[in-house]
Each structure stands twice: as C-alpha cells, then as structure tokens.
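Each chain carries a letter (A, B and C) given by its place in the written order, and its residues are counted from 1.
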Amino acid sequence: MMVAAIPVIPLLAALAVLLFRHPTPARLITAAGGLATLLLSIDLAQQVTHRVDLVVLPGWVGVNGLSALILVLQGFVAMTATIYSWGYMKHQARAGEARERRYYLNLNLFLSSLFLVPIFLQPALTWVAVELTTVLSVFLVSFDSTPQALEAAWKYAIITIMGATVAVLGIFLLLWGLSLAHVAVQTWASLKATAPLMPPLLLKLAFVLILIGFGTKVGIVPMHTWLPDAHSQAPSSVCALLSGIEVSTILYVIMRLWPVFAWIPGSFAQHWALAFGLLSVGVAAFLMIQVHDFKRLFAFSTVEQMGIVLVALGLGPAGGYASLYQVLTHAVTKSLAFYSAGAVLLTTGTRDIASVKGLIRVSPVSAMSLLFSGLAIAGAPPFAIFLSELSIFRSTWQTGHILVLVLLLGFLTVAFLGVLLKVNRMVFGQSHHRPVSLPLTIRFALLVGWLPVLVFGVYLPRPMHHLLTLAALTLRR
Amino acid sequence: MSTPFLDHILTNINSLLGALFLLSAFVLMVARQVQGFLRGFVRQSLLLALSALVLGWLQQSPELVIVALITLAAKTLIIPNLLVRTLQPQIRSRREVDFVVNTPVSLLVAIGISVLSYFFVVPLLAGASPSVSVNLPVGLDVLLIGVYTLAIRREAVPQVLAIMAIDNGAFYAGIAITSSSAIVELAAGLEGVIVVLVVAILTRTLAENVGTTQVGAMATLKEGDKP
Amino acid sequence: MAADVAYNLCQILVVLLLSPLVRGILTRMQERIQAKRGPSIWQPYYDLWKLFHKDEVVSNEATWIFRFAPYAYFVAPLLVTVLIPVLTDYPLFMAFMGDMVAAGFILSMGSFFLSLAAIDTGNVYGPMGASRTRMVSSLVEPIFMIVFFSVSFAANSTIPYVVQAHWVSSSRQFFSPTHLLIITAFVMIILAETGRIPVDNPGGHFELAMIDEAKSLEFSGPSLALIKWGGYMKFMVLSLVLLNVLVTPWGLATHTQFLDVVASVFRVGAKLLAFVMVVAVIETSLAKLRLYRIQDFLGVAFVTAVVAMIVQPFHL
C-alpha cells in the first residue's frame, strides 16, 4: 500500500497548502512531504531488492527495480527541492505571500504527478501520468510571469504535449499487438512477454512513434527546442526538478519498453538510440559554448546527459547498467547544479554570464558550489558523473563501438571546455556585486545535495549497486 | 440483431466517416478564421465519436460506446465551451492572414504525408478487418497532418486545437485497434480537458502580460547574438 | 452492326438537339429560384437560330485559327459522345476507341483551339479570358486524372462503359466512400470546367470579371453560334458522364430494341433534369469566388479526389 501513498502525500500536502493563508505552514508541509516521500521510496526500494517485483494492485499498480530506482531519485530531488524552495521563494523579489502559496500548491501537484509515472503497470495510464506532469508544471515554468517565462511555458506546454500525443499512438499500436496475440492484460509485463509474437513492423512503427513522442519530452535533439527555455526560465528549485528528474522520469517510460523493442530484428532500436543519442550530445555540446545565460548552460547539459544515457541504452544489454548509473548520477548532480545556479541568481539578480564577475569575493558558498557543480556536471573527477561516464566508455569499448567512443569523447571534451569557460568567468575576477548572505535553508539544501555527488564519486554503496543491477535486469528482453 | 448486411452497411459508413475525418484534417490545416478552426475541430470530434459508435456496434463492445460518449462530452461540449469562455476575444476576432507555409504548398505536403502514412501502415494490414484498415492509416495520417498544422500556425488557439486534433487522430486509430478499460478512457478524456484548461489560462495570461497571442512571433529565447 | 451505327447516330443527335434545351432549363430554373420570371426554356434555340442568320465579322489580323476554332470547339463534344454511354448501357461500336482520359483530352483540345483563337485577334479581353481559362484548366486537369485513376482502381478500367457496368453490378461498391468522394470531386470540376458559379459567372456581362465568356467576345454570327452550341454540348456531355457513369448508372437501354432506346431518352432526360436542378441550387446559393480563391476551391476538389484514392484500396 506504500506505493500508492507516495503520490498521495504531495496531493495531501497540496490540499493542506490550500487550508492555510500564511505561507509558513505551506513551506513546512511541503518540505515534510518531500522528506516523507524520500523515506517511503527508500523503504520501497529495499523491499524491491528483496522481492524483485512488488505488485500492489495486480494489473494496475506495482513497482519493479527500474521504477524503484526512479522513485528513489524522485524522492531525493523532491526532498532537496522542497527544502531549497523555502529560502529561494522567500527571497525572490517578485514573490508575494499569495504567489508563494500558489507556488507550493503547484509544486505539490507537480510532484504528485511525477510520482504517478513509475508506479503504474499499464502503459496507457502511465501516458496519462506523463501528460499530467507537463500540464501541472506549466504554471511552475511560467511562475515569473515575465514575457520570457510565458514564452518558455508556452513552448514547453505545446511541444511536449504534442510529443506525448504522438506517443499515445505508439502505445495503441503495442496494445494492438497484444490483442493480435489474444492477450487481454495490458501491462508492461504482458507486453514484454508478447513482444516476440508481434509483427516486427508493428514494433518498429510503435518504437519510432514512442521514441519521437516521449523523446520530445526527454529533450532529444532535434525535438529539444523547448527544453533550454523551460529549464532556464522556471524558478531554480523547479529547474532542478525538471532537469534533474522529470526528463529521466519520461525516459523511464522508453526504458520500460526497451525489452519490447529489443525484439525488433537487426538491433533497430539500438541503432536509433545511438544515432539520436550522439546527435543530442554533439548539438548540445556545441550550443553550450554559445550560451549567455548560465541556467541555459545547465539546461543544455541536460540535453547532453540524456544523449549519453541514450547512447548507453543503444549499446544493448552491455550498456544497461551504465545507462542507469548515468541516470542516477545525473539526477543528483544536475539538481545540485541548478541549486547552485539559483544561489548565484539570488546573489547577483541576473542570469547573464557576462555580467557576473568575481563571485568568489561576494558569496563564497554559491561561488564554490557553482564552480564544483559545474566541474561535476562536466564529468571531472572525483565527482559522481565521472565514474558513470567511465563505465559507459568501458561498455562502449567492450561492445566494439570505437567510432561512438571517439565521437562521445570529442563531444564531452567540447562540453567540458564550454562549462569550464563560462563558470570560470563568473567565479573569478573583479567583483561589483554587493555581498549577500544565503538563506539557511538554501545552504542546507546545497549541503544535502553535495552528499551523494561526493559519495558516489568515490564509491557506489552496495544497496545502490544492488538496485542498479536489478533495474538493469529489467532492460533485458 | 447483427446481420451480415447490416455489418456491411456499417463498415461502409465507417469508411465514409474515415474519409470525412481525413477531409476534416485538411480543413483544419487551411482554416483561417479561429472560429472556423474551432467549428472544424468540433465536427472532427463528432466524426470520431460517430466512428466509435459504429465500431462499438460492429465489435459488440460497450467500451467503445463509452469512448464515444466521453469524446462527445469532452471534445464537442466541454473543450469548445471552455475555450469560448476563457478566450472570447481571441476566438471571435482573430484570424491568421499568413501561415508559415502558403496553402497550396501545405496541401501538397499534406498529400505527401497521406501517401507516406499509407505506405507505413499498409504492410501491417494483411488480414486485418476492414475497420482497422480504414482507421489505422487514416488515424496516423490525421495525426501527422495535425503535427504539420501545429507547425505552420502562429496563433495560440489554433495551436491548442491542433494538439487536440492530433489527439483525435491517435484515438481514431486507437478505437479500431485496441480496447482499453473504461477507467483509462475516462482518465484520458479528463486529461484532455485539463490540457485545454491549462493552456487556455496560459493563453489568457499571455494576452494580458505580453499583449498578443501571436505565439509564433515570440522568439526572445535563443543562443548566438546577445539579446 | 447497323443498329450500333444507328444508335450511335441517335446518341449524337440527342446531344446535338437536346443540349440547348438543358441550358434553357438551367437558366430558367435559376431565374425562378431567384423569384424572377426568366426567359423561355427554348431561348437558346432562338439565339442559335438568330446567330446562324447573321453575317460574320472577322478581323483583318485574324489567321486561319480564328476561323477553324469554332468548328473544333463544336466537334469535340460530339466526338466524346461516341465514347460514352448516352442512351445504351452496352458498348456501341466506337466504345473502345478511347477511354475517359481520351474524352478529357478531346474536350480540352476544343478549348485549346478556342483559347488560341481568342489570342489570335489581339483583342484586349480575349487573351485575358484565355489565360484565365488556362489557369483553371491546368488546375482541373490533375484532378480529372486522379478521379479517373481512382475510378480505374475500382473498375479496373477507364473505358466509360466498363466503369458503368461495374457500378451497376455491385451495389457494395456503389455505396463505398470512394465512390461518394469521387462524385463530389467530379461535380466540383464540372462546375469549374464548364465555367459555372462559383468559378465563373456565365451570366455576367462585365468583361474584366469574365473567364470563359471573354474568349468568344470577338466572334459573331455563325461562329459564335457554333461556340455557344459547343459550350452547351460540353456541359451536357460532362453531366452525362457524371450521371450515366458515376452517380446513377441505371435507366439506360439494356436491350437492342429501338423502343427501349427511345424510352431511355426520357429516362436519361429525367436524370438530367434532376441534375440541372441540383446545379441551379448550387449556383444560386453560392457567390462567385475571387479569381485568386479559385485555387482554394479546386484545392478542395483535389484533396477530395486524393482522399478518395487513398481510402480506395481497402474496399476491393
């Protein structure tokens, strides 16, 4: 029953926010809700590692290794984001009390929809949940109500809803495959079991529709155009959620269908994933050199990271573990990067890279956090992403994709240089900003956010490794 | 109560509905008046509901009748009313004088899309029932034409409705090839209403804060030259 | 064989003699719908009679084309007549000389000569009308082709008699969506090709707005009569293709007895009357489109025809 409780907690929190006029209870309730979901999902993950699959409502709700991994990551980012929101929203110049309450209402609703995605056993319901994540986060993206924020929200809503609507036909096609084989149960498991009986052409068509459809929301090039806008215009706590975990949550849907698509003859799905993945990494890496807005820098890095995950998926069974490892490290590192960016934004009041200088003299905490999270996201040791990228390189080498490896290394070097150049310019040099002290909750969120980035950069705890292995197993056909 | 003759007539009616459904996608693509676009969308949804009813009779499936009712309620009543209520001026007076691509070229592109979607689907149709062989290619076609329509529009309301037209296309194929449970259908219908509600509110905020609903003209967020 | 020749002559005579009447009834009906009295239904005959008794004026600049064009325009529909089922539903001896594509070509050959003749004299309005007609025709042509091809998908032939037999034999096919869409598209291109509202206004007298009429401004006397008569026959022939081949393939003579053929004149006449009524209603309820909107009208016809072809293969 705990599985169902996870999305219900933010929903209850949203209702509670409505009850109080003052924002303080809303902050408290939301943060408590975030913590509760994290604890619940960790507990759930532990149960899953013992029993492999946890079915609550047969045919409707249940969790396997992969969805438990996503839930844990969601829980973690939700927890840090709700704590971070506390200080961030209080110090946002434009936020009044009523607006702050509305923010918490929307945030909780969005979190609830996010938790819904991994717990459904039916693809059709999961699709509804995916649509809900978009719809319920639109007002979070447009929260600042500036023309730019509204433009970003518009693109976000229209393009990603369009993508999800295209994907639904892919899901229908898969369900048709089920009915052709006279299977009445429409769950992931029955799809996986029936896939070998489906016509390959049907699988191909469904795969293309689903990859393009959900890929739009994952931010795969060339469907990424909305992502840098939405992931930079939203409040930083929301950016952390969108970039850190929402994209991975949508990618989870594609991953969940991966064993089905693995039955397409000729490694069709893998080739497409490799092509789209490399394209995303390459385009994002070169765009990162051109950005003027440091939040957009991290947004493009999300496109790049999702590309890397796709490349790892495209390596076949050998890359399964590495791709999930990358999802894990990306979630913790990218959310941290946006927290740091938000702290810088609070200190300087601008997102323009050129007008931020000498941050280290004004606010050492945000400066150091930005510098090191920039390094971490670019894949420098001794941070988490370094290890996961290393394991991807290793599986690329082992599976003999030398060209892919060379391209990947080249693009990652470009991206590394891009991040380093921009961040360097902001952190060092002469300063003209007034010193600002960061709110306590932001400092705390940064501290908590740094923990896994540092720990996973040195070694992967045994339970985590266990969960990843379990999740990687569900990627095999 | 089901005779071969009646089945035959209904199959033919379904094919006719399919042809009209496809034509409605073309109409949406070239409609200039926002109000005309809305009317065209309502008609298209009506055709979807009718097709679901006919197929429901043919396949003896009560789920499809529920789908038809949900479609009727959500897409021909609630969504248009919602849009008219929240966006009265945008719907009544706006019209698009120029598209991104002019009409004759669009027609050719759409016909190209039709041929393409037909070629994708036809190998799957060997041995399929007549209703599947109408609904699947037409559904995919309407979906792709909807995506194209969305791409050539600059005005806010037609963009929203184009998304719902894509949705219509997907479900038009869906009603023939699969039957989901009523709960899923209800969730999907409700979700469509929420989508339109949210985007309509967003459009109103745009009209109030930015002063225009020409969403195609918004391009402040980009790389390269400094803003 | 002899009967075949006789019936073929009958067909030609029917088209030749009844086509002005069809036009007369159409005009009269339109005027009636607009609550006017309108001219007598025999008025086209009076017009032709009068024109044939007038002298002809030919410009000094005009070449042989100007003299030749009216004959070409007059003969083209008659040639088509021998290819299509006008009265009998069994093929007559010329039936396999050409298919519907050939019929289209013959008709457009007549129009082509008329356009040349319009340019020939150097009159201002002639070339304008000619170029506008070309614009409309060049848009109509591909739609004709697509309609014929979707028909041939269904009937495995483009010979009008075979197609007609196909629709009669299978009522399943008759009610298929393809058939209904083809009919819609075909009605639209008949309106465009014969210069009716909403594409052209045959009753208009304003030279700048003319499309079809502008071509015959320079003609007078017997030449003008031939052109007018040719126009009447073209409309009737296209209507007959629509009625006898596509929409209502029934009512034709099925036996070789002479009486049956005579009776079929009345049955076909009744169908024509009904169709003329429909055209009259369409014409009075629509407004003439702006010149630049004609392409939209034909675009709709084009899409309809293409959609007909797309949904076609699933009903074989």
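By definition in this document, a contact is a pair of C-beta atoms (placed from the backbone, for glycine too) under 8 Å apart; a residue touches a chain by one contact, two chains touch by 3 or more.
Just so it is clear, the structure is predicted and the values come from calculations on it, not from any experiment.
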{"item": "Furthest chain, CA centroid comparison against subunit C", "value": "A"}
{"item": "Central chain (distance from its CA mean to the mean of all protein CA atoms)", "value": "B"}
{"item": "Rounded Å distance between subunit A and subunit B, as computed from the means of their C-alpha atoms", "value": "30"}
{"item": "Subunit B-subunit C separation of Cα centroids, rounded to whole Å", "value": "38"}
{"item": "Centre distance in Å when subunit A and subunit C are each reduced to the mean of their C-alpha atoms", "value": "65"}
{"item": "Touching two or more other chains - residues of subunit B", "value": "none"}
{"item": "Contacting residues of subunit C [partner subunit B, same complex]", "value": "172, 175-178, 180-181, 295-296, 299-300, 302-304, 306-308, 310-311, 313-315"}
{"item": "Residue ranges of subunit A in contact with subunit B within the complex", "value": "122, 124-125, 127-128, 131-132, 135-136, 138-139, 142, 145-148, 150-154, 157-158, 161-162, 165-166, 168-169, 172-173, 175-176, 178-179, 186, 199, 201-202, 205, 228-229, 232-233, 287, 290-292, 296, 354"}
{"item": "Contact set on subunit B toward subunit A in their complex", "value": "120-121, 123-124, 139-140, 143, 147, 150, 156, 159-160, 163, 166-167, 169-171, 173-174, 177-180, 184, 187-188, 191, 194-195, 198-199, 201-202, 205-206, 209-210, 215, 218, 220-221, 223-224, 226-227"}
{"item": "Contact footprint of subunit C on subunit B as seen in their complex", "value": "8-9, 12, 15-16, 18-19, 22-23, 26, 30, 103-104, 107, 110-111, 114-115, 118, 122, 125, 130, 133-134, 137-138, 141"}
